[in-house]
Amino acid sequence: MQGLEFSIVLQNWRYLFDGAVITVQVSAFAVAAGLIIGSVVGLARVSTVRLVRAVASVYVEFIRGTPLLVQILLIWFGLPSLGIRIESRFVGGVIALSINSGAYVAEIVRSGIQSIDKGQMEAARSLGMNYTSAMRFVILPQAFRRIIPPLVNEFIMLIKDSSLLAFIGMMELTKRAQNIQARTFNYFELYLAIAVIYFMITFALSKVAGYIEGRTRIHD
Amino acid sequence: MQLRFRWLALALVFVFALTTLVGCGGGSATPGPADGQNQPPAMEQLVMGTNAEFPPFEFLNENNEYDGFDIDLAKEIAAILGKELVIQDMAFDALIPALQAGRLDMVVAAMTIRDDRREQVAFSEPYYNAGQVIAVRADNVDIQGIEDLAEGRKIGVQLGTTGDFKAQEITASENIIRFQQIGLVFEELATGRIDAIIIDVPVAQRYIEMREGFKIVGETLTEEFFGIAINKENPELLADVNEALAEIKASGKYDELISKWFE
Amino acid sequence: MIRVVDLHKRFGSLEVLRGISTEIPRGEVVVVIGASGSGKSTFLRCLNLLELPQQGEIYLDELQILAKNTDINEVRQNVGMVFQQFNLFPHMSVLQNIMLSPVRVKRESLRAAREQGLELLRKVGLSEKAEAFPKQLSGGQQQRVAIARALAMQPKVMLFDEPTSALDPEMIKEVLLVMKQLAEEGMTMVVVTHEMGFAKEVADRVIFIDEGLIVEEGLPQEIFNNPKQERTKTFLSKIL
């Protein structure tokens, strides 16, 4: 047969599709856990207690200042030497991505909070609300609307970055493509195929983000 | 040339062009033709591809130089052919595509001569006989041989290697954990998340020497031979390399290298 | 009602308040005037502790609100504040804005808070805007909602920090009208403003602050018609 052998992609579509599902799953779990970590750390970043602020910023700076691949390898191969062995590759991958995502979400949350006009906090406090209530009822609901689009963006980044989990043998999309390549040598076809799959997922997500952004703007 | 190869070549040339550009921008030490004034007349190059993560065949030594049995062998061949050896290091599974794309003249990378690879590239006469062997943690007493691996044991391999194919023969796919680098496979074995590794004998021996905690069990699994891969459209080079190999064996240089690296 | 003794406030090396003392009895309407940067807004913001003074005492009734064991949040429930920029909560309807603090802080029932909210909206003339969002209102309407929101906590004192400075001229009147009505009902009010007409008409007392000190205070007609201090005369000649 002449030309590109895309039949190899079709023959393995189910195998690749399952990998794409794992890619989306691991990223979705990570962005959810990252949102929890990021909210806590993001609030800590604007805390009035200096020590809390310092701890949070060390975490954020360290994670943002080191490659995700190195973090993944540290968690997967480094932690067992400290006696912490994560058995499930999926869980290990989710943990690594969550810790990474948490730092980026923290920055999203922090800038979301700081983008809310100072007068909002003053007005809430002047009505007798304590800091926590003011955050909960006045600042965070407004900040949350603003951070949905960057959060979806973070999800998109995670979906792409999750390909690095192939390094620890997780059977996500990229890893599956590599496995087929090792057998059939159809490098170009498979990389092109998974590029298209990644793009379809991320493009759909960015459309969703755009839709949400349009909706939340109405009351802003 | 098949259309498929043209596409691949195009893509690879593009990537190559990019990396070259970046290299120049970063003030690369590679001598370009522009500063060749004071250099001796350039020798014809022999571009060799390898994956320098597979000691003792090919690896980066403590001085960050390419070193190993294959590297020494390739140097001998280049010397005999009167060419300048240029080494390009890349992922193991990228070697054959690079060869097909014309980026490499030959691949010397502990590559087993196999029929499916023969469909893609030509191989020289075999230059090394490497069997596959099972490596386990030193404290393991359950695994004595291949038959103990069959039932649900987790087997680690380097992606696309002979060990990978051997593992696929004896167990279900979900029990095979594949990594790009052999070092990571041993790391995984050390953590206890996999039970055994199927790997070339000399590599296993080398790792066991370097790091405590591993051992080889059972018989050698397969007879297999390493060959130098060359583009099918370059029969002249294939003939030259085979002649050079014969000369290296006849001169006793080959035995010298074997004892240097494996004894 | 409010007694301020020797209040000092510094921002870094800049001393904004340099020893302010005054007393505001129940039911009095005090208008604070002064050039921008004179410290009049800072003085007002100290009264509900949005700014913490470094030195001095502030008594609300008998409570020293700067004492360490004073619950700031409780103090603020008794001191309503209206801001120049309204600061309505944009993600809530007008009625929700007004109900939020009674429900969340005072633990009033939704029903009681709602009834009170609608009553307050009637008072500021915005009954029909209960379900509107702040963005859909004019500046004057927003400020009237902000006044209703502050009143919902049933404060003993209302502070107004330049409440009409961000408004177009045609909307200033409707806000001043609400404030005047409030004064007539006997609310204790401290108003920082440039509206001298309002000061003349409504204030019981005018305080002129310059460079962090009270330069002169007295009945509006005394201050405006017969100022004793040179600095007061200069200031008034510039704005009148």
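The letters A, B and C name the chains in turn, as written, and every chain counts its residues from 1.
Here is the rule we go by: a residue touches a chain if its C-beta (ideal position, glycine included) is under 8 Å from a C-beta of that chain, and two chains touch if they have at least 3 such contacts.
Quick caveat: nothing in here was measured; it's all calculated off a predicted structure.
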item: Shared chain contacts [chain A and chain C, defined touch]; value: none
item: Central chain (by mean CA position); value: A
item: Between chain C and chain A, distance of the C-alpha-averaged centres to the nearest whole Å; value: 46
item: Chain A-chain B separation of Cα centroids, rounded to whole Å; value: 36
item: Intercentroid distance (Cα basis), chain C paired with chain B, Å; value: 80
item: Chain A residues within the chain C interface of the complex; value: 117, 119-120, 122-130, 133, 137-138, 141-142, 145, 219-220
item: Of chain B, residues touching chain A in the complex; value: 2-4, 7-8, 11, 93-94, 96-97, 116, 120, 159-160, 164, 177-180, 184, 187-188, 190-193
item: Contact footprint of chain A on chain C as seen in their complex; value: 48, 50, 73-74, 76-77, 79-81, 83, 85, 87-91, 100-101, 104-106, 133, 135, 146, 149-150, 153
item: For the chain A and chain B complex, residues of the former touching the latter; value: 2-5, 77, 80, 85, 87, 166-169, 175, 178-179, 181-183, 185, 187-188
